[in-house]
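Below is one structure, written out as structure tokens; the observations come after it.
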Amino acid sequence: MAHFTVKNRVEFHQTDLAGIVHFSEYFRYFESAEHAMFRSLGTSVHPHGVDSGWPRVSCSFDYHRPLRFEDEFEVRIEIKQIGNSSLTLACEIHLLTKDKSAQESLVAKGESTSVHCRKSPEGPMKKQPIPASLRTTLEELLANPPS
Amino acid sequence: MAHFTVKNRVEFHQTDLAGIVHFSEYFRYFESAEHAMFRSLGTSVHPHGVDSGWPRVSCSFDYHRPLRFEDEFEVRIEIKQIGNSSLTLACEIHLLTKDKSAQESLVAKGESTSVHCRKSPEGPMKKQPIPASLRTTLEELLANPPS
Amino acid sequence: MAHFTVKNRVEFHQTDLAGIVHFSEYFRYFESAEHAMFRSLGTSVHPHGVDSGWPRVSCSFDYHRPLRFEDEFEVRIEIKQIGNSSLTLACEIHLLTKDKSAQESLVAKGESTSVHCRKSPEGPMKKQPIPASLRTTLEELLANPPS
Amino acid sequence: MAHFTVKNRVEFHQTDLAGIVHFSEYFRYFESAEHAMFRSLGTSVHPHGVDSGWPRVSCSFDYHRPLRFEDEFEVRIEIKQIGNSSLTLACEIHLLTKDKSAQESLVAKGESTSVHCRKSPEGPMKKQPIPASLRTTLEELLANPPS
């Protein structure tokens, strides 16, 4: 089950000497898909000129099989929980094999929690409730995942 | 409690538009310290000319406070478990404040499990027992952490 | 004039604390477009199971205006020279503004030279002539740029 | 001839599937050394709470031989020109071989020009003269390189 899905492809600089994608890159694939989900909802995690953001509180990945240079893969995001200020997402990364008869294969599973914050000038970031309109949009997506 | 400790400093490219270190960079700080620990034991995770490696099975971080450009920090690694093929490490990242009277502050806590593998030519990586001499070295470090 | 063009979008982790894309990321945008050009020609810079590659001999960028988070841009590649073993490409990066009436704007101009090499087992990379079929394909593209 | 020198070591994530350091990483090695030079002069390229910076105008590298995982290397910076607002630096990267009798080897040569800018709120960055005290410090270093 996924509330948002996006395709991507492995770039050369994301591989390491073991010939596979470095494990730290998966966190960027996840975030990139999360930001695309925000855009698909007509908003951005970081609107220009607005001093708010979504710093990460925790993030994890389990790795099941490697990705290699130029592999095409799908990032599937599931909304797990919409808190007062926080948003918890799960993520699955699946290899898109060229052999159409082959089953797609699970590459990695992750989870992330971010907190909506407002930045005061020179000061630290402070937790803020998720804006009402964004909350409504996220709750509608949670209730009605695309089929 | 730490079995290995190393200092590091935030580089410019590791920050993002929120003015803080991007969350994906912590996984590189962790790995960099892990590799320094291997070097301190007289070995390497990836000896030249040897087709073995330590692909990551899982990795996670909880974030407590941000790091900023040029902040100095300490990465502390604790050996949690030495399996037949796997190695589980915990990691704490602490800010080294310039104010000597201030307490060091916890920035992030992480955990990682890697598996020792051998790479067959053109084939997939296969789980291999941790080499006996490395196992001995790791177990000695586990039993006798530096004070 | 461009022999190959591809669109891209700025990711969050590519920005730095100045709020703009870090200058090192442009080299990755360039390379990513170069590899897409190879794919569009039915090949890859690094075919699986083949010990050849295209290590870079030189690379440069001049920066004209910044890119910011979520900016959409176009990478245009021009083939400058096809040597015996070497390939020299020029690159322009243009901002794709949302305001349709606005002119596209030049962000950066770069140039790169790579050399086709074969890797001997455990040994260094050695210069090799560009394979004949790839040479023919590149020369046809050079002679007949897409309009 | 070098006005500033710093040692570094290749990290795992900086390598790519060709088994060598990705060419884009050299720009980060260069910048990291430049920032260490600023710190050695008692300042920072990006002091906390000050809206100024040094956006890059141009940057280039020529590559002579590869760097591999865990290689130790030296980054040597030479001040080429101190303009009204701009600073041009040259950079050489040398491998530090473990064989003490071996000569150090040139890995790469680069050049970079940055411009001192002030950032207006929400507006673009504007060129600013290099602050007088920093100019004096840089000119002294240029006139009296460490031997």
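For the reader, a short list of remarks on this structure follows.
Read from first to last, the chains carry the letters A, B, C and D; within each, the first residue is number 1.
Assume a contact is a pair of C-beta atoms (placed from the backbone, for glycine too) under 8 Å apart; a residue touches a chain by one contact, two chains touch by 3 or more.
Just so it is clear, the structure is predicted and the values come from calculations on it, not from any experiment.
Distance from the centre of chain D peaks at A, each centre being the average of the chain's Cα atoms. Counting C-beta pairs in contact across B-D and across A-B gives the higher total for A-B. Chain A and chain D have CA centres that are 34 Å apart.
With each centre defined as the average position of its C-alpha atoms, the distance from chain A to chain B rounds to 24 Å. Distance between chain centres (mean CA atoms), chain B to chain D: 27 Å.
Among all residues of chain B, those that touch two or more other chains are 12-13, 17, 20, 24, 28, 31, 46, 68-69. Taken in their complex, chain D has these residues touching chain A: 12-13, 15-17, 19-20, 22, 24, 49, 68-69, 122.
Chain contact summary for the complex, chain C toward chain A: residues 11-13, 28, 31-32, 35, 39, 44-46, 48, 68-70.
Interface residues of chain C, counted against chain D in their complex, comprise 17-18, 20, 23-25, 27-28, 31, 46, 53, 55-63, 66, 119, 125.
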